[in-house]
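Order of writing sets the chain letters: A, B, C and D. Residues in each chain are counted from 1.
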Amino acid sequence: MDLLYFAWVRERIGLPRERVETRAATVAQLIEELKAREPRYAAAFADLNSLRVALDQKLSSFDAPLAGVREVAFFPPMTGG
Amino acid sequence: MDLLYFAWVRERIGLPRERVETRAATVAQLIEELKAREPRYAAAFADLNSLRVALDQKLSSFDAPLAGVREVAFFPPMTGG
Amino acid sequence: MDLRVQAEAFDAGAELNAFTARVSGAGAVVSFTGVVRDAGQPQGGGLQRMEIEHYPGMTQAAITEIMGQALARWPLVDALVIHRFGTLHPGDPIMMVATASPHREAAFQAAEFLMDYLKSRAPFWKKEVGAEGAAWVAARDEDEGALGRW
Amino acid sequence: MDLRVQAEAFDAGAELNAFTARVSGAGAVVSFTGVVRDAGQPQGGGLQRMEIEHYPGMTQAAITEIMGQALARWPLVDALVIHRFGTLHPGDPIMMVATASPHREAAFQAAEFLMDYLKSRAPFWKKEVGAEGAAWVAARDEDEGALGRW
């Protein structure tokens, strides 16, 4: 599964993308796995209210299932326009 | 007193402006005087709902007094923009 | 405040760029351009030209007042109104409004306000001339009604 | 529908003119231009540049969907969105939206709808870089709230 990070999520974790093997069933479980890895992940995922997630390029929610998903992106609320 | 006519008011009356001597106290009285003059005036002023009046270049109402007014303009509802 | 009432054509894009350059602190620039409908379109079937009449003594003052109200009501950096009179042809810009503000909501609202008031309170009258004759454009009840929201 | 996501600068005035020429049946054209605030203005004090990051795989699809919603909801002749990413400087246009309709209300509403959705649903992130450091632009609660009206 490809993980993508944008804006300050990318800066805190220190890389724009990585490939992970996971058995997490939901986004929330994947986040718990990542937070347990290293402090920089814990820092990036500390406040879920200030985070958004997209599954295969579609905005989604933290309780969404990961079955069949190939690309998970984490980022702050968007500031386009 | 100068009378100005615009758009189809001008076309019905047949001239863009004219000078009149009047003792009419209000716009409504002036309109009655004009209607009594000739059928083309009666035609122009037949439906006051479709007419607007400006006194000295300010949008006004038919019951407004004419005292001190130098220029009265009659026209249909505006269609700017 | 920049207001021009003119017979001459204008270049809406060039005006937008000049306005945007002038209000560089703004962040948000909204423009409205009114265009004579194309004869080739169903809405404009057969339109050959548009004749716009105005009331020279009143136009400048009426629009200046409307613009003053907009500038007092919203945090605008500046506002622009250009309105043509005389003979126009399908595809010609009739008029444009531009507003600039640090906030997009203010820029949008002020532009809509200006348009609503220009439609019903600026002394212009449009006549459409087509193959089968000419007709004065009637004011729409919705346009008068639109003033109620401000 | 015309959508461009690009690093290159664009000329908002030239784009407005090209769009207006293309939608000649429309009558009403509304544009919004978002500009990097000028360093000389109080609001942008000390801003040296803006870095805009985006999510290439998602941006095009997300904006296309937003534009499709606008075209389905209002009687638009066409809509245009241009959005830059990369490094921008004070005074540079960041993005523009244009809408064209026979009705000015529809053109205004569709442009506001597009802006509200682009603000909060298009995957762009802005970082402001000034003399004293850099900071990511925070999403405003009002921007998220603005979606509620549609």
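Throughout what follows, a residue touches a chain if its C-beta (ideal position, glycine included) is under 8 Å from a C-beta of that chain, and two chains touch if they have at least 3 such contacts.
This one's a predicted model, so the numbers in the text were calculated from it and none came from an experiment.
K.L.:
Starting at chain B, what is the smallest number of hops through touching chains needed to reach chain C?
P.N.:
Minimum step count, chain B to chain C: 1.
K.L.:
Report, in whole Å, the distance between the mean C-alpha point of chain A and the mean C-alpha point of chain C.
P.N.:
Once rounded, the distance between the two centres reads 48 Å.
K.L.:
Could you work out how far the Cα centre of chain A sits from that of chain D, in whole Å?
P.N.:
Taking the average C-alpha coordinate of chain A and of chain D, the gap between them is 26 Å.
K.L.:
From the C-alpha centre of chain C to that of chain D, how far is it in Å?
P.N.:
Taking the average C-alpha coordinate of chain C and of chain D, the gap between them is 22 Å.
K.L.:
Which chain D residues reach two or more other chains?
P.N.:
Residues 34, 104, 115 of chain D each touch two or more of the other chains.
K.L.:
Chain B: which residues touch two or more other chains?
P.N.:
In chain B, the residues touching two or more other chains are 81.
K.L.:
Which of the chains touch, listed as pairs?
P.N.:
Chain-chain contacts present: A-D, B-C, C-D.
K.L.:
For the complex, which residues does chain C have touching chain D?
P.N.:
Of all residues in chain C, those touching chain D are 11-17, 20-21, 24-38, 40-44, 90-91, 93, 102, 104-105, 107-108, 111-112, 115, 119, 142, 146.
K.L.:
Which positions of chain C touch chain B when the two form their complex?
P.N.:
Contact set of chain C toward chain B: 34, 53, 55, 57-58, 61-62, 83, 94-95, 115, 118-127, 136-139, 144.
K.L.:
If we count contacts the way the header does, which residues on chain A are in touch with chain D in the complex?
P.N.:
On the chain A side, the touching residues are 4, 6-8, 10, 54, 57-59, 71, 73, 75-81.
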